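Presented sequentially are two complexes of subunit A, the first with subunit B as partner and the second with subunit C.
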Partner chain A sequence: MDKTILELHELLKNKKISSQELVAESLKKSHEIQEKYNAFVTILDDAKGTDKIDHLLSGIPFGIKDNYSMKNVLSTGSSNTLKDYVPFYTATALQKLLDVGAIPVNKTVLDEFGMGGTGTTGHTGIVKNPWDPTRMTAGSSAGSACAVASGVYPYALGSDTGDSIRKPAAYCGIVGYKPTYGMISRYGLFPFASSLDHCGVLTRSVCDAAIVVDAMKGIDEHDMTSWDSKDIHLYENITKSVEGKKLCYIKELCNIEMYDNPTEELQNHLKNFKEKIELCKSLGMKVDEVSIDPKLLNALPSVYVAISCAEATSNMSNLTGIIFGPRGEGDKYEEIMMDHRTKGFSPLIKRRFVIGSYILQKENQERYFKNAQRVRRLLVDAWKELYRTYDAVILPVGTGVAKHLDGSKDILTKDTAALEEHLQIGNFGGFPSITIPDGFIDGLPVALNITGNCFEDEKVLQIAYALESKMDYKNQIAKEVK
Partner chain B sequence: MGHYKAVIGLEMHCELKSNSKIFSSARNTYNETPNDNVAPVDMAFPGTLPVVNKKCVRDALMMSMVLNCKQPEYMYFDRKNYYYPDLPKGYQITQMESPVGVDGEITIECNGKKKKVYIHDIHLEEDAASLDHYFDTSCIDYNRAGVPLLELVTEPCLSSAEEAVAFLEHMRSAYKYCDVSEADTKKGQIRCDVNVSIMDEDATEFGTRVEIKNINSFGNVYDAINYEIKRQSELKDQGRYGEVEQETRRFDEESGTTIRMRSKVDAIDYKYFVDPNLPKFKIEDSWLKEIRESIPLLALERKEKYINDFGLSEYDAGVIVKEKEYAEYFEECLNLGMDAKTASNWLTTQILGEINHLDVALKDFYLTPNLLQQITNEVNKGTISSKQAKEIFYKSVEEQKEPKTYISSDMAQISDQSELEKIIETILSDNSAQVEQYKSGKTNLFDYFVGQVMKNTRGKANPVVTKEILKKKLEK
Partner chain C sequence: MTKFSKELVDDLAKKLLIGLSSEENQMVLDEFAIIDENLSKVDDFENIKDVSPMTHALDDFVFSLREDKASDSVPIEDLLKNCDQIEGREVEVPKVVGGEN
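This part shows the complex of A and B:
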């Protein structure tokens, strides 16, 4: 199960191995990983192989983040509010994979409804990083990242509202890709913030990501924000030359002198990034340093909080325990709903609901919600301006390696906030964005991110593929460092 | 009681007609079986998304045009957030920022006088589920959840219960003429909220506004407004106007009064914001043009046309335009080439009388314009009398057989004077004894002679002419 999709497909085609054997191996591995890192809500022990072989994904096991609705299979969103919820319909993106004969073997843990970046807030407990179990995987696609990095299967589905695919991918040393907004239908994805939510995938190679998203994408009559991408062929075009492509990185985020008292880790991380910039140049790409107003960059995290919390408050108002989920106790309907929500949600989520609700109040909307939307527009416009000249923006992911589960060991400084959160730009603009591993610091993986303009997914993947080919981190499986 | 001016504003909710609901693929039909017209999105199962029904948007835009409102450049929806068991998502999808229509006006007729009613806005939204309350439980029926609703809000420009009801009737008729709604209050398809305040005749500032919510019939709208005017006026007379509070009340049908529900001070903050799942889309001018061109003539326009172009009386024209199906029946008759007055007479007397008697809708009435024409044609040709025509009409309706089955060729009347005279002379000479008796005073034998003529002609003799000739001959 440590092989790529193409390798597995060849083995299946040449009957060197059966789908059933792959499923059995994947399930066995699932139980081991569950034991060690707690990555799954459900392991589908009755999963069966298939004789189907007409698609690259046929017969190959994969994992599903537990916020994808799956018919007749427990789908919890890692929340107590849905702890026994078994949907009667399957998410469009997932159904497309099932239709080509891909085999789901487990449902992976996330931060409750995707609202978190640590992998520690799911109702089944903390997910540990397979490189170092004292560290986080980051989130919210925590279980998916952990499982793919551990070699349970070549890919798992994720969702990304702020950086929920691309951050955990970075900290687990794998590839995380979310395509342009609306390229994959959101129908059946439990919503967090509808204007920012994206479906996507976590893999161990850019090529695998292209193959999977090719299968997941497509216009869907159930999602009005989806669009027709039949002319986009990610896998087919992935090897196209990147010579002459123009990239840029942002000075304010990438240059070490922009930070007061940078940690050694940050220094290494940025130094490693700059080396990869040189690698880009050696591939015939042109890379420029550009400047973005730090004021705008520093507004990023609060814009994200305002918009995502506001939308989340409304999106999760259906969770009352009246139609589904455990019925609350009480005499009046208010009491029943309140009891369900009080018991069901974790404190972190409740705090976000309070923020969202406050921001949407009539007297606060203009100041917080509308202003956040305006700044979102400014940020997106700034990036769109870059895309007039450049094919993609390349940036380091986060400030270094995965954080400790015991947060006291991490040094957090205010001036790294924008570096930590800049992936959210991809959600603000709906831009195609991919994270690939770009090195190690003290045996732990670090990553860089490439984000392009809307609908230019092919180009973004071509650049990532070319760069990945020049580095040694493709298809790596996590090894515990300590 | 002092004389005060009443100021009334209306909110009219009307369910739209469509195959599927406004944001889901579930059927939008009246359904007695609870929870039968339900798609996953109607019950807000996690991950479901709304997909807007274009026909509903089209119909809403049409009504916006009928009300002479301005249409927006972009179509989008807002979420109205609140918790209630009948609201599965915890928010209602509605239009707050950019309704399908704003700043409209429409002319109605009230007691024969024309009145301009100003429209604040008209917007498209989804209905909530319906709740049935029992002793210690409540049941939720999601059939209604997601049914398209068009809500129109007038300016406070109406001054009496009569005007309010005239406006509602006018709109109900417009909805039906445009074929966007069945607009049936009996099926709960129209619900109204009413705002009422009073002020001195010469005052310039409005009084305290009281809202009466969720009234389900026009009769109740009428009663609620009058009750509220009376209640507020009495308080004002007694110098207790301060007790009139800005509040929400409901109408109690049994007592005919309004009852306080809550104060406006407790008004909920609905935290409106644009629904990100329904992307903004541009309303193309070509589409607007196409919709505008498909607006049919409405009741008042048709009435004028019937009077001016077809010479109908004001009364008859009024009767015919009252319901769209009457007007359509009438116009179909004209299309078939029937004379307007003839069609109007048949429709307003026999046909409406009969459907009323049979308690059927005109569209289900057996005698379609085509069939009616079989009768009127014969009358025109003079082959049947108007009396026979009526008999054939009722027989045809009763036996559900085409009128022509009752109009045989030998049914043609014998009205020819000389022909009848010949027949009568023969009869009289064959019955000389009876003629003698008649002449000696047994005048009730007259009917005997008529009967003989009818027998002889198998009923085809024109009875009027027959009687005339008989009288003449017998009195000789």
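This part shows the complex of A and C:
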């Protein structure tokens, strides 16, 4: 299970190993990882292999974030409000993988309903980072990142509303890719903030990400925001030359002199990033430093919270505990719902709903919701302006390595840096965006991100693949440093 | 605009049918104070009111109507499997209209 999809496919094709053996190994590893890092809500112990080998993914085990609906399989969104919920249908993106013979072996823990970035708010407990169990995986695709980094299987499904695939991938030393908005159907994905939600994948190589998303994508009559991507062939085109491609990075985020009293970790992270810029140049790409209004960048985290809270409040209104979910106690329906929600929701999402509700009130909409949406447009326009000249924006992910669990609060604080949150722009604009590991600081992985213009997923993956090929972090499995 | 206060947070939570502890109430106030401070600076952006709010990731998206197609609906028995209290083929709920039980 520490091999790439192509390697596993070759082994299956040449009958060096059977799908059933792969499934057995993956299940055994799932139980070991569950014991150590708590990555799963459900392990599908009755999973069976297949003789089918006509697709690159046939017979190969994978994991599913627990906010993807799967018919007749517990799907909780990592929330107590859905702790016994068993869907009566399967998410389109997942069904497409099942149709080619891919084998699901577990459902992975997330921050409750995807509304968090630490991997600490799922109803089954904290997910630990396999590189250092005293640190967070980040989230919300926490269990998926932990499992892929631990070698349970080559890939797991994730979802990304702010950076929920790409940040945990960075903290766990793997690849996280969310394609252009709507390239993968969201039908059957539990909604968080519909205008920002993306399906995607966590893998250990760019090539694997291309193979999986090729299989997941496609227009879906059940998702009116999905579009026809039949002319996009990610895997087939991944090795195309990147010579002459133009990249840019943002001075205000990447230059150490922009920060007061930077930590040694941040200095190392940005120094490492700049070394990778030189690597890009050695591949024949041109890389420029560009400037974006800091006022705009600094507004980013609050704009994201305002929009996502407002949309989430609307989306979660069906969680009553009456038609599905554990029935609350009380004589009146209001008492039943209140008991269900008060006991079921974690403190994090309770406060997000209250803030969302306030923002959506008629007298507050202009100041908060509409202004947040206006800044969203300004940010997206600024990036689209960059894409008139550049093929992609390349930036470091976060401020360094995975954070310690005891420092995890997942609250927006005054010192929240734009550097920590800039991946949200990928969601604001629906841009294709991929995170790849780019080095280590004190034995822990750090990463960079490449984000391109909408519908230019092939180009983004080509750049990521070329850069990955020049570094030593492809297909790495976590080794505990503590 | 109503001031964002402890009382307002409790009132909003009540309307959402969510119970908040005093600690949770304080966390809402703390987080909102930062959002309020940051978004108040947006008014300083030049001509911000002339910017059209962006409501979708792909706002140049072209939607087309689907053909109407008859299809089977999900059996009610399957839908009710996730409901804790049912009576026959219906969801059991407390009396909502018509006065006292």
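Here is the rule we use: the second predicted complex is superposed on the first by the 473 of 482 C-alpha atoms of A that agree within 3 Å, B and C clash if a C-alpha of one lies under 4 Å from a C-alpha of the other, contacts with A are read in each partner's own complex, and residues count from 1 in each chain.
In this text, a residue touches a chain if its C-beta (ideal position, glycine included) is under 8 Å from a C-beta of that chain, and two chains touch if they have at least 3 such contacts.
Note that this is a predicted model, so its numbers are computed, not measured.
Visitor: Examine A:Ser357 and indicate which partner it touches, taking first as subunit B and second as subunit C; both and neither are also allowed.
Guide: both
Visitor: Please work out whether A:Asp84 is in contact with subunit B alone, subunit C alone, both, or neither, and reply first, second, both or neither.
Guide: The second partner, subunit C, only.
Visitor: Is A:Tyr465 touching the first partner subunit B, the second partner subunit C, both, or neither of them?
Guide: After superposing on A, A:Tyr465 lies clear of both subunit B and subunit C.
Visitor: Could you tell me if A:Tyr235 is touching subunit B, subunit C, both of them or neither one (first, second, both, neither)?
Guide: In the superposed model, A:Tyr235 contacts neither subunit B nor subunit C.
Visitor: Could you look at A:Glu334 and tell me whether it touches subunit B, subunit C, both or neither (first, second, both, neither)?
Guide: both
Visitor: Of the partners subunit B and subunit C, which touch A:Glu221 in the superposed model: first, second, both, neither?
Guide: A:Glu221 sits against subunit B and subunit C alike.
Visitor: With the two complexes superposed on chain A, say which partner A:Trp131 touches: subunit B (first), subunit C (second), both, or neither.
Guide: neither
Visitor: For A:Arg374 in the superposed arrangement: first (subunit B), second (subunit C), both or neither?
Guide: A:Arg374 contacts subunit C only, not subunit B.
Visitor: Which partner chains sit in contact with A:Trp383 here, subunit B, subunit C, both or neither? Use first/second/both/neither.
Guide: A:Trp383: touches no partner chain.
Visitor: Of subunit B and subunit C, which one contacts the greater number of residues in subunit A?
Guide: Larger number of subunit A residues touched: C.
Visitor: Just which bits of subunit A does subunit B share with subunit C as contact spots?
Guide: Common interface on subunit A, subunit B vs subunit C: 85, 88-89, 195, 221, 224-225, 313, 322-324, 333-334, 337, 357, 361, 369.
Visitor: Would you mind writing out the residues of subunit C in touch with subunit A in their complex?
Guide: 1-2, 4, 8-9, 12-13, 15-21, 23-24, 27-28, 30-32, 34-35, 37-39, 41-45, 48-49, 51-58, 61, 63, 66, 74, 78-79, 81-85, 91, 93-94, 96, 101
Visitor: Looking at the complex, which residues from subunit A come into contact with subunit B?
Guide: 67-69, 75, 77, 82, 85, 87-89, 91, 186-191, 193-195, 221-225, 310-311, 313-314, 316-320, 322-324, 333-334, 337, 357, 360-362, 365, 369
Visitor: Per the contact definition, I'd like the list of subunit A residues that touch subunit C in the complex.
Guide: Going by the criterion above, the answer is residues 84-86, 88-89, 180-182, 195-196, 221, 224-225, 227, 295-296, 298-299, 301-303, 305-306, 313, 321-327, 330-334, 336-338, 341-342, 345, 347, 350-351, 353-355, 357-358, 361, 363-364, 367-378, 380, 411-414, 416, 427-430, 454.
Visitor: Please name which positions on subunit B make contact with subunit A in the complex.
Guide: 40, 43-52, 79, 81, 83-85, 88-91, 140, 269, 271, 273, 275-279
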